[in-house]
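For reference, chains read A, B and C in written order, and residue numbers begin at 1 within each chain.
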Amino acid sequence: MADTRFFHKKEQLTLAEIAQIGEVTLPEGVDETCIFTDVAALDSATENDISWAFIPAVRETLKKTKAGAVIVPEKFLEYVPNGVIALISQDAHRSYGLIASAFYPRVVEGVISPRANIDETAILGEGCCVEAGAYIGKHVVLGNRCHIKANAVIDDGVQMGDDCTVGANATVSHCIAGHKVYIYPGAHIGQDGFGFAMSAKGPVKVPQLGRVIIGDDVEIGSSTTVDRGAMGDTVIGSGSRIDNLVQVAHNVKLGRCCVMVSQVGIAGSCEFGDFVVAGGQVGFAGHLKIGTGAQIAAQSGLMEDVPAGSILMGSPAVPRTEYMRQVIALRQLSKKKK
Amino acid sequence: MADTRFFHKKEQLTLAEIAQIGEVTLPEGVDETCIFTDVAALDSATENDISWAFIPAVRETLKKTKAGAVIVPEKFLEYVPNGVIALISQDAHRSYGLIASAFYPRVVEGVISPRANIDETAILGEGCCVEAGAYIGKHVVLGNRCHIKANAVIDDGVQMGDDCTVGANATVSHCIAGHKVYIYPGAHIGQDGFGFAMSAKGPVKVPQLGRVIIGDDVEIGSSTTVDRGAMGDTVIGSGSRIDNLVQVAHNVKLGRCCVMVSQVGIAGSCEFGDFVVAGGQVGFAGHLKIGTGAQIAAQSGLMEDVPAGSILMGSPAVPRTEYMRQVIALRQLSKKKK
Amino acid sequence: MADTRFFHKKEQLTLAEIAQIGEVTLPEGVDETCIFTDVAALDSATENDISWAFIPAVRETLKKTKAGAVIVPEKFLEYVPNGVIALISQDAHRSYGLIASAFYPRVVEGVISPRANIDETAILGEGCCVEAGAYIGKHVVLGNRCHIKANAVIDDGVQMGDDCTVGANATVSHCIAGHKVYIYPGAHIGQDGFGFAMSAKGPVKVPQLGRVIIGDDVEIGSSTTVDRGAMGDTVIGSGSRIDNLVQVAHNVKLGRCCVMVSQVGIAGSCEFGDFVVAGGQVGFAGHLKIGTGAQIAAQSGLMEDVPAGSILMGSPAVPRTEYMRQVIALRQLSKKKK
């Protein structure tokens, strides 16, 4: 089980509750009142634990699990040991996430620390928690049950919806955010974009007069930077997940449910469709249009627009199969030279 | 116009003021007393707004603008609609930056928060603003009109000139900075370089005994890290612009007006001339000399010295035209294999 | 000498003390009571300074040094000028680190600022220093002589050993750390890994229920992010050195004395042996096994397991010699096309 120094667990859930929360189908005739107390990995789970399996690599481990119940896709049913309850799911990863979140729910104690620095013009919803050292500027508006952690800074005028979390030492300025937004510790949102006119006379700053608009249910990782628009806004669509150390430059627009893995860099004014996935360390040149559902492999470099549904790799990026041919061709060529 | 929750605008400027501030030439006979109230993009500007155009891509938009006046290079004059005042500039981007900065000037309210943590030996110039939670250590010396934002940390002995800004949750130590230096939220300046002697016995720390010296009019982005010298200093030349998430290792020396785009990594002891530009995610191996005016394309990897004025691309980097030939040659080769 | 605004030096050490601390051999008959007052580079050192030389590039400078003594490997003995005491070391870099650390020791003033925010249930060892604005949560346990710098945040339940330093604005949560751990300013340790199940219905968060376990004598750089495990732990082995802006994803396990240079990205569940070195901007795909002593050149991309002792380069990475052949083959091919 999770270390109780760090995690607070709900005591128990019935199988009926678990089935409903996790969107899973129970076997016929099972006792829906039986009790589970935790989630656990296949190899450490015991009879009161829910476990899960959905990738082929774990099939052998699944066959030996001692979990009380296990979330599986239908095709894994044959590997579930006798006596272990199979919770059939059309998306076992999702079901696990839902059930684990029920055992380990987000809890916000509605306490405002007297050592937080909150401007008197700020408006906080019900049940918010603001920890010591957190700073909330003028005319900030927060929804209900927001959790502003220690030494986070929310600058003047920022608005956030319900159930938002701003991690320790994160900074948010010039930003309008929806509900259920989770800013990780040390993320930086809303600072000036990289705007200046450079000439032999030296640089002149170009004021960055836009904002950052964040949809609902967005996560933004630690040390990640999301600059505000130069004129007009930088936009992060609902459901998007941005990992640590990602750069989102001014006026970038991410669609819904985009996934940007760690250390991705997106130059200014790129526009993304929905459900775009970029692997770690991918770089996007400025002003590109990246179509819905595109998948870009790690370390790729994009210099041209990407049609919807493309699967690209390499720098400069090409279709994944072509990239593989290039790699092989170069290996053969270098061997010939030897 | 910019969102008034976040931006404070000067009410108005006359055309005469704008011309002088923006280094632009007015058409003959124009009424220099007419009033403008804001800057705006070509397609949203109205008669009281100043707009601008200097890249070919916006010519069609320029032809339809309803702006009162538009900053343009002379060669764009023919696209400026009748009734719109053309403000001719030899550097329209620069002129726009100057004029926009006049409408949206840096304002520092000279307020020291009682909840800032300022050592009694620190010396602050006139008109400084220090927000709640900011920390200013022993013997720190700040010039006039410095703005130290919430929860920023300026460690013992640091000196900064006039008109400097240190963003929220940024940290500055072991640093001597000039005037008009802008440290973005969450930038980290002056920490130990990556110095140790590793052997089978384990690592031994090598004390980092140098400083970070920053010139005038420098900007350093969010989550960017500038390590202090091991012995001797790390130097950022005047007028340089460093974007977010850049690594500047110990004893790097940047010349004047260098531009380092996001996620560039510079290993120890590299020395740059002036006006070097490196695109996003470029990596420089240690101890390189990069000549004045060199331009390095995004994602390049540098392992050798770079002559002044070079235009390089690729990893390992080669002249841009050669890189393009390599890309084409490899594509052709891989097609042949197919 | 180092700038006294930033560095506090021990007044002096005798040659006998220096020899013992630095693990160096003194020349026969030398006066072991003679006094040294500082370390300095070869070209600026004077008679009371200790200097050092161990790379061929500095041999000519060594011949002209005016240092009182110089740490050198035996093979450099012939370049040490007459009158300069040669301190023979089997590892001159290590010896320098030890001696310089003796002149510039870590000093922790055992002062707890009344403006630190320390939960009453936290337990601090003897001689700890907690600066203003630092936050120490519930049931945190710190060893002796820990230094928690301004505005650092140590979240509930964290445990750290003796002689640890947590830099300004760093954050640490869900973490158990050993002795002599140095977290740089703005490092972020212990936040949620990048865990979610994405589907057409949108993302579902997968709770991250593990921890970060850090060994002894570990350094973790500025803006670096070390995520906690999803289930089970992320582990940083003793003696490891992680530079700035590195991503360590959930459930990564680094062995002893690994060196990760700036901007390395390690995807989830990678397992490293001991003494692995990765150059700047290297990327590791998830679930890889990297053998002991492997050396990966800067900007490489790893998609497969790496046998112990490998020396790899390129993306996708190949043995270094093969990479060099590939580079040459491609250059020749592109010239032919021209």
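Miscellaneous remarks
Note that contacts are C-beta pairs under 8 Å (C-beta built on N, C-alpha and C of every residue); 3 or more make two chains touch, one makes a residue touch a chain.
Here the structure is a predicted model, which is why all the values come from computation and not from measurement.
If touching chains are joined by edges, the resulting network of the protein chains shown connects every chain directly with every other.
Of all residue numbers used at the contact between chain A and chain C, under half are used by both chains, marking a mostly different-residue interface.
Each chain gets one centre point, the mean of its Cα atoms, and the points for chain A and chain C are 29 Å apart. Counting only residues that touch two or more partner chains, chain C has 133, 151, 169, 186, 223, 245, 263, 281, 315, 330, 333.
The touching residues of chain A, when paired with chain B in their complex, are 117, 133, 135, 137, 139, 151, 153, 155-157, 159, 169-171, 173-174, 186, 188, 191-192, 194-199, 201-207, 209-211, 223-225, 227, 231-232, 245, 247, 249, 263, 265, 267, 281, 283, 285, 301, 315-316, 318, 322, 325-326, 328-330, 332-333. Across the complex, chain C is touched by residues 2-3, 5-7, 39-41, 91, 93-94, 96-98, 100-101, 103-104, 113, 115, 131-133, 149-151, 167-169, 184-186, 217, 219, 221-223, 238-239, 241, 243-245, 256-257, 259, 261-263, 275, 280-281, 298-299, 315, 327, 330-331, 333-338 of chain A.
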